[in-house]
Every structure is written in structure tokens, then in C-alpha cells.
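Below is one structure, written out as C-alpha cells; comments come after it.
Each chain carries a letter (A, B and C) given by its place in the written order, and its residues are counted from 1.
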Amino acid sequence: MFLKNTWYVACTLDEIDGKPLGRKICNEAMVFFRGENGEVSALEDFCPHRGAPLSLGFVREGQLVCGYHGLTVGHDGRCAKMIGQRVGGFPAVRRYPSVERHGFIWVWPGDAAKANAAKIPHLEWAESEQWAYGGGLYHIGCDYRLMIDNLMDLTHETYVHASSIGQDEIEEAPPVTSAEGDSVVTSRHMENIMPPPFWAGALRANGLDGDVPCDRWQICRFTPPSHVMIEVGVAHAGKGGYHAAPEHKAGSIVVDFITPETDTSIWYFWGMARNYRPQDAELTAAIRKGQGQIFAEDQDMLEAQQRNLLTYPERRLLKLNIDSGGVQSRKVLDRLIAAERATEPEQV
Amino acid sequence: MFLKNTWYVACTLDEIDGKPLGRKICNEAMVFFRGENGEVSALEDFCPHRGAPLSLGFVREGQLVCGYHGLTVGHDGRCAKMIGQRVGGFPAVRRYPSVERHGFIWVWPGDAAKANAAKIPHLEWAESEQWAYGGGLYHIGCDYRLMIDNLMDLTHETYVHASSIGQDEIEEAPPVTSAEGDSVVTSRHMENIMPPPFWAGALRANGLDGDVPCDRWQICRFTPPSHVMIEVGVAHAGKGGYHAAPEHKAGSIVVDFITPETDTSIWYFWGMARNYRPQDAELTAAIRKGQGQIFAEDQDMLEAQQRNLLTYPERRLLKLNIDSGGVQSRKVLDRLIAAERATEPEQV
Amino acid sequence: MFLKNTWYVACTLDEIDGKPLGRKICNEAMVFFRGENGEVSALEDFCPHRGAPLSLGFVREGQLVCGYHGLTVGHDGRCAKMIGQRVGGFPAVRRYPSVERHGFIWVWPGDAAKANAAKIPHLEWAESEQWAYGGGLYHIGCDYRLMIDNLMDLTHETYVHASSIGQDEIEEAPPVTSAEGDSVVTSRHMENIMPPPFWAGALRANGLDGDVPCDRWQICRFTPPSHVMIEVGVAHAGKGGYHAAPEHKAGSIVVDFITPETDTSIWYFWGMARNYRPQDAELTAAIRKGQGQIFAEDQDMLEAQQRNLLTYPERRLLKLNIDSGGVQSRKVLDRLIAAERATEPEQV
């Protein structure tokens, strides 16, 4: 149950540095590699010779060489050579449209004819020198929609992340959810509260007092297929909150690209983009480490929730106001998936 | 294939000390916790909000708080509160009757309306100061009835526990089995034999010579659903055996509560109760350690036997005189399970 | 999809030295043990008493004693004794024909009435003092036919074993395949090439210069059910290659017995027999160690290939000239399996 005619984040650049990467995405086994001119290719991870995974091979002169018997595939999936063989009649390997952009490799698992690189979202923080970004990748055993739910309802911070970003005031401030086209936005504003440890540290890193009352905001934005960008931050109380001038606040964008691996597992690309002290690499590393620890706390809960839902598939869950962000995001997905299926040729 | 309208041992008291415990019993996912007044609750381990296991949460003021978004459940399973929410209309969590008694938490996985705490067996050794008890818990991958078979035919001691409690004379003494109502008793008496290492040690712990001929007894008593209490001991030969005066013997009760987890796995609560030197905590610990090592020897055999039976489901096994205890116990179970099903409403 | 009325290598002699060995072969759970007169027995690994695996027991006076309750089986599978029981009416345990020969235990998993020890292949290298043999056993998760393919197309050496026995010249020399009756032979001869590291070492071990141009040969011979013997070697160039006199060459026989465990796993007995310095045990150990490291390189590839083929069961693979050895071997197997099924009584 995922969109296939869309762009997903497949991997980061370091993952294909000098070697191919095998990764299953939307139930498709893919291999990613970088060609001689630096262009990136995504092919089916199946050698037409004897079925070995091409990802166990290596890249030579920009072509992917199967590690079993040496069948060599070009960036377009066509067999380029195999020593001692005439490869003209060999079947080509399926190619998936792929694009390098914003520091990631993006892949289109569906109908290649419909791929349009212009639909890859523009990410200002990935291009501007005013911003710094650090992030990582987690493999989690849950339906990608459980992670969307998780990120569109930050009430869970108080419980799952109690020691870092959680605080009682989160759940006391009701969120407001709205949908606009295919986007869903859930916002929560807390006023005149003490910042939790993570944010007290961020204020100090920004040269501000971390032990004074603040206004805090969380603005979660879902866009299909499964991206959730969250504007988060704190400002010293009474300075305008989200709209406060830069010298009164510390804020950033939590970046979440959720790429389905199978129906019950995901590749979760998480990170944080900030627009203060962007050249400070040590700060970037420190934030990345802290966020990595916090976001790892979700894994056990999501996997246990997934097992419970598989055990009791017929159960109806509650849909509270705090769940509205996830519920509306799923509605968008349901609508888009139905539309995609209606226009696709029947699959056997 | 297990009784559900009955009491099983669910856990020991230390397992719910200050935190909830998730445990599957008879294929039902349960969470156990202790409320503000000390009473114990067993609920379905499924939060009605988003399906997270409640056992990943925590206990606050005697209520169980879901660790994902904070839905709070009382000891009766009703939603007591959730910050920012009106919980009056929330569905209750299924409650399983549970009782603390004899140092264990007991649970009734079936129809709550039929639960009757008076049916929990009376265990004299658990209440009297004349007795000491030590035990442990093993998780084993086998049908609970294979463990009943195991305990109702102690012939296996000679092979599985050769270095501790086994001895050739066991299998040379034919057991006598009788059924009375729902109970099955298998007895074996050996006369004028040398005690094996475990019992030589028990005699010495009791101030008796461990290197002289003894009479030895094993009286295994099965009661539904899956409790096996075994009176075991040795007396110096010619002093009356099982009926010898206390100064001539060392005896104890092997305690076995077998709680099905699934069709092919169990929670096995084992222990030993003795009525000599009951205040000697060091002796209790030493016996517990020794028994734990001996009883761990059964695990590989039972799990391998289970795998073989799953591989060859159609095979008929032998039913020898030594198997009579297990065979008759299964007959009792078959009869009670059939009766339970006849009176239950049809399950879809 | 394997032949059952045939001889497979079941184990090596050390594996049944003083204790029984449980091993599944062709989906049959078997136990192997050596009797009082040294004869070897293969029985079904299932005790008729309660279904425990007999392989968890022990051998006493040449009989196999079940480790659970002591049922004792003779080499013919008949129950010989059980203390306190009359075993005359006990069902016998299924016996599989087994033979010790050439340093291995051979087993016939099919119809015992058709077993004929004369059909075990004669292995000159296993009997003659002019030869030395060293080998090992790997358990690999793949269809046995994928390993036959592997060994009948040594093109893979250039990729999988690049640092030891691989070299570009292998794939540049087209192989020649021929079938004769049930045998298939694939030969490849390379002339005037530099020997790769493994063979340079073998030349030196044989007292020859390892850094001069050589002629190299690989002659792979498949015989049913799944044996592949490969004559391999190098001779100083121009001395006659495969037919060169012993003082100009180093050669050996790669020995491969592939025994199916299940449809997707094998017991792979590999080794090397050589007819130079046969008394040099250190050399045997060194070759064995080197071969073990090289042959371990195939495991990841074969298991990944197997997973890919299970994921895409409908895919047609290429059948190139280099694949002809495997393709023709499979044709032999298909023909023999069809013949075996035609003459067997219907199995339910």
C-alpha cells in the first residue's frame, strides 16, 4: 500500500562512494551505483545471466560488473560486455529513474515513463549556505504510515523522549491540523514554558540564556509520498514566538524521509537543518549525535506497535484530535494510491 | 488445545515490582501490573489509542500509562485519563481475572464471568513457616503437554539427568498410575539403593549419612490445567521409606506450574519446597541453583522432540506403562477441554 | 527435486567417532552411528517411543540409546532393549542403507531394496598411497544444483576468487562441454599464461619455478547425483600441458560431493587430492587451509543467488556456452529423476 509513481529518497551519497549499494525499496530489489561521468543509476538487483545480485559486484570504468561471472551492465541497464560473449541479444536489466539532488539519491520505483525530476521537492536548506544539515539512516520494522503517524503527532515526545525533548506542556497544548491539497500541516504552540534539555542546549549553542521561560513551536508538514518536515524551535517568551527575531530564538527543521522497504519495514532518513552558525561543523556533529539518540528511542515502540497490529488486524484504533495529522495524511495517501491504481495497467 | 477457563500461574511477584510486565499466555497478549492499593491487574497488552503494547509504558499512581502517548488505564481496564482528552467514551481494555496467592500471580485467560478464586489450589508449602520454597522460570519451545509427559514419567532422569538425580534403579522399578477425578498420580518406590548425588547431598544437608543404602520415592501428581507436584525423597533403608520418621529422611516437593504461551511454547515455573531447615536461606539458594541446572537439561530434549513431532505429525507414539501418567493426564485434559468448548459460545 | 535412489556422501568418519550424528539428507532426518563391529548404521532420527531425536542419545555396546528414556536400537533399526519393557512388539526404526568407503559414510535415502554398494563410485585417489587428500564440510543455503552450476562453470573464479585462483585468461578461453551417458565433462585449457597465486605456490611446493609462463587446465566432470571432480593444474609452458611429465607440472583433483539437505540447502563436502609429495602432512594441511578459504568465498554469492531466485521464481536465466556444463548436468538429473519417479509407487 504505497505510491510507486513518485520520488523516494533511496540513499545518501556516501553509500555509493566507489561501490554499488543493494537496497530494497517498495518491495523492489534495486542496486545503485555511480557511473563514469558521475551520474547515478538504479537497476534491478538481478543479473540476467544467473540471477546473482548485481550489488555483490563492483564498479569498473563506470559500469557495474556482476561479481559472479562478470556480466557488465551500463548505467542504462544494457549489457555492455561479458568476456568471451556476444552480449547484443542479452536482455537489459530494468532501470529505475534516479536523480541526485539535495545531497540524496532519489528513485522512482513505478512507471519510468511517468518520472519527472521536476517533481522532486525543492529543499532550500539543502542548497543555501545559510543552512547546515546533519542526519542519519535507521532501518525500522514498521509500516511507513506508522512513522508518519508518529511524526504528525508529537504528543509522543513527552513519553518516548521524556529526557530530551518531551515535556508535559506538549500534550496540554492542543494541535491544529489543516490540509491543503496534498499537504497536511499540524501545528502546536506552547507559551511561557521552560525549555526541555535539548532546546535549552540549542539556545546556549546560539548564545542565548537556556534557563528562562520560552515560547515553543512545532509545525509538522506532511507531503506525499512520505516526507515530514517539522519546523521546531523556542524563543525567549514574549519575543514573538515562531515569528521572533533571530537573536531571540533557536530553531531548526526536523527532516524525515520515510522510504518503504516492504509493507512492514522502512528506511528512515532523519536529520536536522538549522540556519544559525551553519559553518560550525562541530555543532552539526553534536546535534546529529543528540538527534540520533533521541530518534532511536522510537524504534522499539514502532516495532512493538507493528507486531501488535499484525496480531490484531481487525482492531479499530482511536482517532483523536492529536491523531488528526496522521489520519489526514493517510487520507491523502489513500486518494493518491487509488488514483494511481486506476490509471495503471492491470498487474497480474 | 488448552483450557482457558482455569487458573494459570502468570508470573512471580518480583516480575511486576515497580513496572508492568508483558507476557503472552494461552495465545493472549497480557500486561500485568500492581495498582496503588497493591492489587494486581491483568489487561490485554494493546492500547486502544494506537495499538502500542501497554507493557512498554509505566505505572504511575497505581495506573498504567501507555508509553507512546500517555493514555492511562486503571486496574479495571477503563481509560482513567489522557491529558487533553475526554476519555469517557474510550473503549475499555479487556481485563483478565487475576489473583495474587501463594507467592504467584494467577490469571484466568477465559471467560471472566466464570472466574472463581476459590478454585486456585491450596498450597500448604507456600503458606506454612514449616516450609521453604525456591524456584525459577524457564521459557521452553514445546507444547505444554510434552512437559506434563516429561514430569509424569521420571524414567527420563536416568538419561537426561544422569549425573545428578538419575540412576539405573529408576527404570527398573515400574511405576503405578491411578486417576482419581481430575487428578492423576504416578508413584515409584525404589528400595535399598544408593542415593544419587543430589539426594546424597540432601541427606547430608539434613544431617544424615549420604553414603548408605536408602529407600527412594517419587510420587507425581497431575492436576488440571497443567500443575505437577512431585513428592520426592530418600530415607535410610529399612526405616519406612516414604513413611519414615523425619530424622531418617530427606524429602521435598518438586513444584511445576506449566503455563502455555502458545501452542508450542511454555512458561515453565519450577521450584522445590522442603520442610527441613526452612529458615536456612543459604540452603534454599543452593538447592535452587542445583535444581535450576538439572531442570535446564530438559530444554534441548523437549524442543528437539517438539520439532520432530511437528515434522512427523501423523506418527503414533508408543504408550508404555511408564507413559501412563502422561497418557491419563491428557485424557483428563481432553475431557475437560471438550466440556469447556461445549458450553462456550461459538468463536468465529 | 533430487534423486533418492542413489548414494550420497553423508559424513566423514570423525563425525561419528564415539557418538551419533544427526543430519538431514534429502529432507530425511537421519542419525548415523558406528556399531560394535565397526559397521555404520543410518536410521531415521525419531525414537518410536516418544518422538525424541535418537541423535541426542549415545552409543553403548554398539547400540544407539535414546537420550530421553533409554529405548535402545540396534544397527538394523530394531528395538533391542528398554529396561523394564518387552520390546518384541515395538516398531522398528526405518533404516537407510549406508556404507563406509573411501573415507566417507555413504547413504541411500531412497528405496532400500534397490541399494547396491557396487554403485558407489571408485575413487582411486582415496585408496592409493600415491595420493593424499584433505578436505572439509560447508553448510550452504542453496539448491544443490546451484552448486553444480558453480563448479561446472569455473569462469566465476576470476570474480569470486580473484586473489587466489582467478585470472582474466580463464574467461578468455572458451570451455568445451560434452556429455557421455550420465557424465558431463567441461574442459578449459589456457596456454602460456602466468600462474595465479595458488598455482604459483603449488609449483613451488612441487619444487618448480612458480614465476614462469605455464599451461593451465581445468577438466570438470559431473556424475550423478551431484559429484563434481575437477582435474586442475599447471605445467611449465610448452611441456605438454595436461599431458606433461610429472617433473614439469603441479596438478590435483578438486573433489566436490554435494549432498542436498533440503530443497534449498546443502552439505558441501569439498577437498583436494594430489599425487605429489603425498606423505607430506604439512603440505596437505596447508592446501586444505588455502582451499577452505577460497571455497568459503562462494557461500555468500550462492545464498544471495538463491534468495534472488526464490524472489523471482518465474525468471528465465541465460544459458551461455560457459553454462553448458551446468545445463547438461541438469538435463541428466531431470532425465534420471523422471525415470525414478516413473518406477516408484505413488507417494501420498
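Assorted remarks:
Simple rule for what comes next: a residue touches a chain if its C-beta (ideal position, glycine included) is under 8 Å from a C-beta of that chain, and two chains touch if they have at least 3 such contacts.
These are the chains along with the protein names UniProt gives them: A, B, C = Aromatic ring-hydroxylating dioxygenase subunit alpha.
Owing to the predicted nature of the structure, the values given are computational and were not obtained by experimental measurement.
Between chain A and chain B, two chains of identical sequence, the interface residue sets overlap only in part, with shared numbers making up under half of the total. In the Cα superposition of chain A onto chain C, the rotation angle, rounded to steps of 5, is 120 degrees.
As a whole-number value, the distance joining the C-alpha centres of chain A and chain B reads 48 Å.
Of all residues in chain C, none touches 2 or more other chains.
Residue ranges on chain C touching chain A, taken from their complex, read 149, 153, 155-156, 158-160, 168, 171-174, 300-301, 304-305, 308-309, 311-312, 315, 317-318, 320-323. Partner chain B is touched in their complex by these residues of chain C: 29, 45-46, 48-53, 56-57, 65-70, 83-85, 90.
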